[in-house]
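After this come two complexes, each holding chain A, first together with chain B and then together with chain C.
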Partner chain A sequence: MYLDLNEHIVNIVIRSLYVSGVASLLAFITAIVLCYYYSGRSRRSIDLIASIFEALVGVPTTIIGLLVYYLLYPNGPLGFMRLLYTPYAIIIGQFLVALPIAVVSLIRQFYNVRKRIRELILSLGLQSSRVEIILVLRELTPILASTYLLAFSRCIGELGVAMIAGGAIEGYTSVLTTTIAVQTSMGNFEEALVLGLVLISLTLLTAILIKSLSKILAGAFHYE
Partner chain B sequence: MKILVDNVWYSYDGVTYALRNINIYLTEPGIYLITGPNGAGKTTLLKVISLLLKPTIGRILIEGVDYWNSSSVEKTRLKSTIIFVHDKPLLVRGSVEYNVSLGLKLKGLSSNDIIDYYIKRYNLSDVRNKSIYKLSAGQLKAASIIRALVLRPKLLALDEPFTFLDNTRVKLLIEDLLNLADKGSIVIVASHYIYRDLVEKCKGVIELFMGELLSLKIK
Partner chain C sequence: MQSEKQVLIFISTTTSLYQVGLLDDLLSDFKNSSRINVEFKILVKGSGEALRLLVDGSSCIAFTHAPSLEKTYLEQGKIERLTIFAHNEFIIVGPRDDPANVSSADNAIDAFKRIFNAGVSGKVLFVSRSDLSGTHVRELMLWSLIGVKPHGNWYLRTGQGMTQTLLIADNLNAYTLVDEGTWRTLREQGKIRNLVELKRDPRLLINVYSVYLSKAPNCRENSILEVAYKLKEYLMTRGQELLEIKYRDKFRSVKDKIEQVIEAWSTLSNIIVVE
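Moving on, here comes the complex of A and B:
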């Protein structure tokens, strides 16, 4: 039996897009701030920071889910916030999942481009950090778009955090990956397959959309 | 503009010195050539004079002001009058026109006439709206030089400006540098290529060897 493309599925898709969209956006913005801040350091520092985040990329999402669970558990350090088994718990976890990959994708690029842009600005007789930021972001626009895409794909495709910290509560914290897992465990392979196709389609559509938008984004940083 | 290079030493690593005990005083507008073999310190000296590098020892006085020990307002004022052109063109993503006009835009100036003039003069009209990724090395070099010329700086420092340029563009560039010098600017050129026209008309030649000033001839 096919799972009807009804309100139920639409809700799961919207929830998945919302949770992963917010988490990846937060990770993306944090990565930009971190990378810009550290890009002024020495090459050795950049290599060290990049190595740390490269190692963090390999941390399984179940471990991150466990960490978030521990933090948000009623008796845990942040238990008073009562966020466990809410979409916010998934957002926190997916933020931690996406941040390392976003930083790894950006940090060396920021270092190289900022160095070049700083040299350019000074050679043109200017000393302006505002101009420097604008030009660096403008120069990095295609990479920024790819990085967001990478972060979003990592978020929407992860299962460990959504299952452990979100709890896969139907109609509240269930997202595409958790629903696929639940349906599969219940033996509803066809339903799981349909949702899997929806997930792949969403990822591809997002990729096309972001790549198309990257040119418009480049215009946004046009210095006039 | 007067430039005093006073007992300048420069080290990139704190161990070896790329420049040692350089003393130069440039008082009059004109073109000054910095010559010397590879590793002589030409680019380093050019960057120190252009205030891109802070001397490890010694000081640089521009119009009598010690730049590295001056206030931030004074620094901004002095820096705005100095333009440096890199040996490898430093351009940003975008069209030739965007890159050529970048300096003017960043300084809040606008002068389409002068941009048009130089783009035509250096035969870049056909690639005016093309991305810099589609240009030849010579076109990239010309674009980076034009970006500096349109700003009409009081001090223009060019590192190997003739590399990648064809003879026509070299001739045009020498004319433009002479024009700029005639209007009161100091133009400092570090180059391996010694063009007779330039040597005959330049105001001085600074010869470096192994980071030291070998000779200084001011006409």
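Moving on, here comes the complex of A and C:
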């Protein structure tokens, strides 16, 4: 099918995958570190942290886009870095979009699993925090996979940050969602529809890929 | 070959110039003919936002068509004009059967009066950009010249670009104000089914496109200034030819009549818009 876009669709897809992939990966790793760090605390503090991040999940992506814009515009606090309207601005914003949802999805699981593992380690008389980390991560593999998936889909599907902080510059910061918005506003509904289908297929494909990967990983861990 | 460092310049532009394809053509022709190693990043916004980005230094060059806004920033010393480079007209378009009888109006003010009266009595709809774009600012100017503030069920605000707004108006069989370039492009693409051109007014509805340079510190680097002044020179020479050849029916060049266009610009910029 011929698409009347100024930029090749493959470039837009690659850029979307790169930007959202990096942003969600950073958010994912940060969430793991945060959750592991806090999982040793009491039940009450876990509940408190969880509810703070649950509230943050609801912050609209446009507001996050606006925040990133404010931080990065030339007279803003971080204006000297000259990151506004670059792919890095989108990565920063999408990182903020994905972090709360990743934390929410992990924190209680981390707490429960770590408690169980600690009892196990104590009962076996082991005294190694490295063993503890490995065991916790092993137990959590399926949840880690679905958490990354959540973070990634939220990043690749969001519009507010990419539009406001990225600026939807053709060939530089335009991603799938912004191209859909721009094409629609130019009256090119057919192009927008095709891009929409591409976006949905990408999300589904990633889901299948990560799910199967997590199955393989989980299988590799259970080697008895 | 020289290995000059590539200059990167952010340009903010009004939607109409971009959506019609003129800006891309001009900039790539400029790059090819001047052989300057420059990369333009284009931010497509309404004139209001395009100028705001320019003032902040988020973009260093802006293509706009909102004289009264431009004048405000010029007077504040935040931007400088490179040149006025093209003009065309805004057109009042509306349903074929023209229930407000706009086609027999004396001028744009009379036409807007008729739309207002028919709108208030529930006979017609008007679709407004409402995004502080050049087109929207002109619409506001006309309302304030009549001394009315349109609101109510008949006055629809889209907050979107010209193409989208025109398509909405076409779907609703409503009146709207549109720039000639967008109107003709969409007509040629066969996307307009219901609306027809109803009223022109060369005096009040002349649409002047200018290029501005930011005075923000990050835009005053020599490399950027050099490109900006070369671009100005290009727009007034080769760019004018490109306009006349490829976009003759959508934009008119300012060659040989720059004084009249500047005159029209200052008349327009002096009409105070009450919002």
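Everything below uses one rule, namely that the second predicted complex is superposed on the first by the 212 of 224 C-alpha atoms of A that agree within 3 Å, B and C clash if a C-alpha of one lies under 4 Å from a C-alpha of the other, contacts with A are read in each partner's own complex, and residues count from 1 in each chain.
Following the convention adopted for this analysis, contacts are C-beta pairs under 8 Å (C-beta built on N, C-alpha and C of every residue); 3 or more make two chains touch, one makes a residue touch a chain.
Predicted model only: the values in this text are computed from it and were never measured.
Aligning the two structures on chain A places chain B and chain C next to each other without any clash.
By the touch criterion defined above, A:F110 reaches neither chain B nor chain C.
Contact with neither chain B nor chain C is seen for A:F95 once the two complexes are overlaid on the shared chain.
When both complexes are overlaid on chain A, the residue A:E119 reaches chain B alone and has no touch with chain C.
When the two complexes are overlaid on their common chain A, residue A:Y73 makes contact with chain C while staying clear of chain B. Centred on chain A, the angle reaching out to chain B and chain C in the chain A superposition, using CA centres, is 170 degrees in steps of 10.
Judged by the touch definition given at the top, the superposed model places A:E139 against chain B, while chain C stays out of reach. Of the two partner chains, neither chain B nor chain C is touched by A:Y38.
After the two structures are overlaid on chain A, the closest C-alpha atoms of chain B and chain C sit 52 Å apart. Contacts of chain A with chain B, set against its contacts with chain C after fitting on chain A, share not one residue. The touching residues of chain A, when paired with chain B in their complex, are 116-117, 119-128, 131, 135, 138-139, 141, 218, 223-224. Partner chain A is touched in their complex by these residues of chain B: 50-52, 75-76, 79-86, 90, 92-93, 102-103, 105-107, 147-148, 151, 153.
Residues 10, 15, 19, 24, 41-44, 56-58, 160-161, 163-164, 167, 186, 189, 191, 216, 218 of chain C touch chain A in their complex. The touching residues of chain A, counted against chain C in their complex, run 6, 73-75, 82, 84-85, 167-170, 172, 182, 184-187.
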